[in-house]
Amino acid sequence: MSWIYEQDFEVREYECDLQGIVNNAVYQNYLEHTRNSFLKQKGPDLKALHDQGIDAVVARIEIDYKFPLRAGDEFICRLNVRREGELKLVFKQEIILKENERLCARANVIIVCIENGRVCMPQVILDSFKEILEPKN
Amino acid sequence: MSWIYEQDFEVREYECDLQGIVNNAVYQNYLEHTRNSFLKQKGPDLKALHDQGIDAVVARIEIDYKFPLRAGDEFICRLNVRREGELKLVFKQEIILKENERLCARANVIIVCIENGRVCMPQVILDSFKEILEPKN
Amino acid sequence: MSWIYEQDFEVREYECDLQGIVNNAVYQNYLEHTRNSFLKQKGPDLKALHDQGIDAVVARIEIDYKFPLRAGDEFICRLNVRREGELKLVFKQEIILKENERLCARANVIIVCIENGRVCMPQVILDSFKEILEPKN
Amino acid sequence: MSWIYEQDFEVREYECDLQGIVNNAVYQNYLEHTRNSFLKQKGPDLKALHDQGIDAVVARIEIDYKFPLRAGDEFICRLNVRREGELKLVFKQEIILKENERLCARANVIIVCIENGRVCMPQVILDSFKEILEPKN
């Protein structure tokens, strides 16, 4: 597996629950923020898309929780993405501890774009991610 | 002190942090949701105001934390409101345990409305809250 | 599909993001809170388990997002649960709009229990959920 | 006003609400995380204190919201602290935009420590923050 983008994080105390570990839902925040940072670096971010009438939304997410993050942990969230069929973007993402690369969580996230209430694949996305989504032979 | 609106809540586990108590920031969520429910009951809610180009925002908040909420606690958030000067709405709010009325938190929240980048007091607010904000002598 | 537990919710404004819809991660909060309320009704809740040295954790979650929840929406989160193998509890959960039963999200959540760093199936869980997990022939 | 600690942040999309700005409660998360990072740098962090039976809790917070943070904004949260009376630590904190130092929020936060259900000033805090809390004449 090759990764095309990664982002550093540090667990914040308020993200931990009474078991002393990061709450499961917060992993989605990390995964989402990493995807958005990636989008922003390569093309239009979520806000810019929204202002153009396009909402990129999660259609399906699968997360395997492998090892719990704890307060103060430094970790990396990394991703790659491919196109599936006409309308789907599939992100593969991993969260690993910075210290020893231990795998904390692995996720598949299917994103679709909605414009005027219909699922579509906006040209702006295709243009921005051309090299990534349509690799040369 | 007389209260004009109250709402029931139950602490959700994910709202607690590693000290086993509700995180301080979450009290603001409770206070905000209670104000919004009140707005919605009496007039336009935040979303409706936003769609009219008016954003009701918190200008200042003061919270005294008196007794910690814990997972599973049932509690009441109550409020009253008065106008201060031309442009401010001042909400007084309390969070009390349902079981024994023990005071958990007390807050003062100053709200102002922004329209086209300027602080204002929208007519729709004055109309909706006429009886509350301008009591008869 | 038959459901064995359900809980009512109302979307709170702060749970919505800048697209005007409930943030994906917040659905996990709803799903988790419903599971915990169910646990609490039938046996030991998360906090009680934690105090006994047992942590019930999510090993895997799959969520299909079907229709977005918006501010003010009233909805129901419902679940059933079965045992899979020796060590897993599999919750099926759905979030539906109260008004018209429209499906907003569907989830599979695999829970395992950790005691002294090892995955186990605590007797207290088996005892509390006996009728549900081991239905009579 | 002189500041003794500061931390860099970037607004994450999920921290924004349907008005497109960071939700008020999230500012408390930023303020709290900055205080905790400061504690950790100088002495025992919240988790370490908790494990020693000491909980540092917010007794009162005052926040003036001056200018809204938006998705993608880079900002700095800075603080100083003084002792007030025997038992209180008073943090002054500011959130400013990195780009132009525009003030977004200003806060006073009163922290007290609880040990065995009683408010106290733990020796470990006094030792760790000696130079800061008791400046030489």
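Going by the order they are written in, the chains are A, B, C and D; count residues from 1 in each one.
Everything below uses one rule, namely that a residue touches a chain if its C-beta (ideal position, glycine included) is under 8 Å from a C-beta of that chain, and two chains touch if they have at least 3 such contacts.
What you see is a predicted model, and the numbers here were worked out from it, not measured in a lab.
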Residue-number overlap at the chain C/chain D interface, same or different (half cut): same
Chain pair with the higher count of C-beta pairs in contact (A-C, B-C): A-C
Cα-centroid distance, chain A relative to chain B, in whole angstrom: 34
Approximate Å spacing (C-alpha centroids) for the pair chain C, chain D: 34
Inter-chain centre distance, chain B versus chain C - centres from mean C-alpha coordinates, in Å: 29
Chain centre separation in whole Å, for chain C relative to chain A (CA means): 23
Numbers and ranges of chain A residues touching at least 2 other chains: 13-14, 18, 20, 23, 25, 29, 32, 46-47, 71
Overall pattern in which the protein chains touch one another (line/ring/star/complete/other): complete
Residue ranges of chain D in contact with chain A within the complex: 12-14, 20, 29, 32-33, 36, 40, 45-47, 71-72
Residues of chain B that touch chain A when the two form their complex: 13-14, 16-18, 20, 23, 25, 71
Complex contact set, residues of chain D against chain B: 18-19, 21, 23-26, 28-29, 32, 46-47, 50, 55, 57-65, 68
